[in-house]
Amino acid sequence: MRSHPPDQEHTDEHMIKVEVNLDDTPGEWLGFVMDKLFEAGANDVYYTPIYMKKNRPAVQLQLLCSQTKFEEIKQIILSETTTLGIRYYPITVFRMERRTRVIETEYGNITVKEGLQDHQVIKSSPEYEDCKQLAEKHNVPLKDVYASVWRELK
Amino acid sequence: MRSHPPDQEHTDEHMIKVEVNLDDTPGEWLGFVMDKLFEAGANDVYYTPIYMKKNRPAVQLQLLCSQTKFEEIKQIILSETTTLGIRYYPITVFRMERRTRVIETEYGNITVKEGLQDHQVIKSSPEYEDCKQLAEKHNVPLKDVYASVWRELK
Amino acid sequence: MRSHPPDQEHTDEHMIKVEVNLDDTPGEWLGFVMDKLFEAGANDVYYTPIYMKKNRPAVQLQLLCSQTKFEEIKQIILSETTTLGIRYYPITVFRMERRTRVIETEYGNITVKEGLQDHQVIKSSPEYEDCKQLAEKHNVPLKDVYASVWRELK
Amino acid sequence: MRSHPPDQEHTDEHMIKVEVNLDDTPGEWLGFVMDKLFEAGANDVYYTPIYMKKNRPAVQLQLLCSQTKFEEIKQIILSETTTLGIRYYPITVFRMERRTRVIETEYGNITVKEGLQDHQVIKSSPEYEDCKQLAEKHNVPLKDVYASVWRELK
Amino acid sequence: MRSHPPDQEHTDEHMIKVEVNLDDTPGEWLGFVMDKLFEAGANDVYYTPIYMKKNRPAVQLQLLCSQTKFEEIKQIILSETTTLGIRYYPITVFRMERRTRVIETEYGNITVKEGLQDHQVIKSSPEYEDCKQLAEKHNVPLKDVYASVWRELK
Amino acid sequence: MRSHPPDQEHTDEHMIKVEVNLDDTPGEWLGFVMDKLFEAGANDVYYTPIYMKKNRPAVQLQLLCSQTKFEEIKQIILSETTTLGIRYYPITVFRMERRTRVIETEYGNITVKEGLQDHQVIKSSPEYEDCKQLAEKHNVPLKDVYASVWRELK
């Protein structure tokens, strides 16, 4: 559907937002469901605490996926949770131009994801997995590894 | 609008999702509002905790209803809460084929709601109200009554 | 333990706060558990959304009870939920002097609970159940019934 | 786009609902972001607690704005938060007829916002800022100032 | 301090509950912190959404640990988060008698954790990790694996 | 009670944690209450969303204060909210050694709060109010001002 390179700034009009209310699925299963949904290509999966009828603390599952993934995603939700229905609606996603570069820090190399507008970098996020590995390797706080990246960014 | 039997698998494209932010309605009233909205035919009514301006812990009321119920639902919200406005958007609902059957357990008969795909049962939920009544009648934990259903399902 | 009349201002030093984290009890059961705990004499029972390990949205049950009720309350939690443990600690409760009086409104009589300090009324809460019944009887919004009380209070 | 006076009852079909998930923006920045978004003309801005992947407690920013404000709002979100994308969809807003009037109370004059249907007042909300100022000026509880308004409303 | 076997019913009076409010630690770091705290021997670690001053959506970290682990736990919190202080208080933990046994199901062997009172099993929880592995191995829904256990329990 | 300088590392054993459940106080009032409690010397005030009986979404107010402030704090809660009772328990607070210093950045001077252990700085937090003012003065994103501090810290 889209012909632009996915890392350029673009507006994607073919996404679907899905939501499901769950009051009889144990929380224990929901971590598993989240992993399966990401593996199936959901772009975003998250839970919100909700209050349902009959004094039930419950959970709303929400996710974002492309139209082409929707059928597979739907099957996972129907198989893995206790719901008998799924709600959805079209949603538009604007995405900034993205680029990665590698920064040398005192702890090792760390990939930084950059967001650009008009080809100017306006934000930089160190990759969590890189930082986590270096924090474990050097046995230093995670926040010191992040700080080592921030010092290198200018 | 729909000619299919409501318990067959179908996709309903005439539903509306309604949402209202409430920062000056006491929580005490909101249980009452939920009951009234269900009585008026809302399919789902639930609350989410939200954070509003000026440090106000507040509540978002969300509900799902068919287009034909919308006007009545709107009136209830305007009458019973303190909001001056209501937001809404169309939402599509996929519903599995549903069927009920009655299971005999050691505690008595319990209705089980089944969800089917391709005419295969892929999920079974004991009816909460049946289980609750039997738990109270036999003075046993609710979870033992549910367990008695699961043992019978194969 | 206490010799003062329970509706006089007093500080109760024999209360216990109980908390339990639940990540594999379905929300559907938790409304039932709350009712049982109130019936057994818990003074306050409430749920908080929490985030547990392995990406599990979960629920914390908290309640307040007197030391004399604790054993019975503990049994209900162990029987009705999936937890294998219960945490608790002593907590002190200050309670205002309380009094009720009945107010005549255009919809009927409504009990008002009053809180006093130095024998002065400093707060007045209409009883929810009274207001609810009158709202249903007269088919008016609940908030109009509350408003009818506030007009009478001076 | 609209020709009706904004305070008359109307249905506005040119609004946009925006949502952004934030798992690496410190909470400290989010109060600031909320203020900026209101200043730029967002009609409603609020946060919801969410559970994201990798056990991250996170926050969803949601807001409502007119189509004409959308570009400016988008720029603020991209500049002030850490997100690389923004999701949005059209939403319809029904707004009651609104009117204000000033009430004389024992503490001073207070503006009351009224909501009307069929030209009948069906709700009245004292302006928070007025009540707050009078509570501070007279050094009385905020709830006494609200109560002074309710007594005057009939 | 304790001489009883840890899997027998007992009341542990040497536990500490720790809590920390975090409004400037990104959510991204908090999954990492949770892992480190469990590795250091915390018995329970969880997050609660809270509302702090200046409109900040924030997070409360809570955990339970034995007195002997407290110093190590404290060091992790001070190193890995942005807080300058830690609050704590003693808490008592009642723990049921626990036992595990292995159940043969159609998908393979699954460990079940049992909770006992007066040497009677009153609850049985299939081990999540066992169920997850079998669900992945057989490519069936996780809930089917749990159901296979429940059928075997009587 | 304490003779040590308050900014040195110390453990304060004379603090009180207070909690109140609120299901009939409008959210609108709660921002005001938070401000009053901070002014009266509470060290920390925050709200948590809770689920109370009768399907009521509600709010728990929690705060931390020294024993010497408790009576004044209690009066504010009783006057400003709708509760008739207050729960509390002693809590211990460990506080790191604290120090501030001023950093010169490209946007101006910014105070940084430092936390020390064994006289080593292990964390540094730019003061939010300083950063906010400079962001407004220079009309740049708040996060750029924070970044300017991080670059100067080594």
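Residue numbering begins at 1 within each chain, and the chains themselves are lettered A, B, C, D, E and F in the order written.
We take it that contacts are C-beta pairs under 8 Å (C-beta built on N, C-alpha and C of every residue); 3 or more make two chains touch, one makes a residue touch a chain.
Only a predicted model underlies this, so the values are computations on that prediction, with no experimental measurement involved.
Under the contact definition, chain B and chain E share the contacting chains A, C, D, F. Taken over every residue number at the interface, the positions common to chain C and chain F amount to under half, indicating a different-residue contact.
The pair from D-F, B-E or C-F that reproduces the interface of E-F, where over half of the contact pairs by residue number are the same, turns out to be C-F.
Centre-to-centre separation between chain A and chain D, using Cα means, comes to 28 Å.
The centroid of the Cα atoms in chain B and the matching centroid in chain C are 25 Å apart.
Taking the mean of the C-alpha atoms as each chain's centre, chain B and chain F sit 39 Å apart.
Chain contacts: chain C has residues 24, 28, 34, 47-49, 51-55, 57-58, 79, 82, 89, 123, 128, 143 touching two or more partner chains. Within the complex formed with chain F, the residues of chain C that make contact are 15, 17, 34, 38, 44-49, 64, 89-96, 98, 113, 115, 117, 122-123, 125, 128. Those residues of chain C whose C-beta lies close enough to touch chain D in the complex are 49, 51, 53-55, 57, 123, 143, 147, 150-151, 153-154. Of all the residues in chain B, the ones that touch chain D in their complex are 21, 24, 48-54, 58, 60, 74, 78-79, 82, 84-89. Against chain C, the residues of chain B that register as touching in their complex are 28-29, 32-33, 49, 79-82, 128, 132, 135, 141-143, 146.
Contacts from chain C toward chain A in the complex involve residues 22-28, 30-31, 34-35, 47, 49, 52, 54-59.
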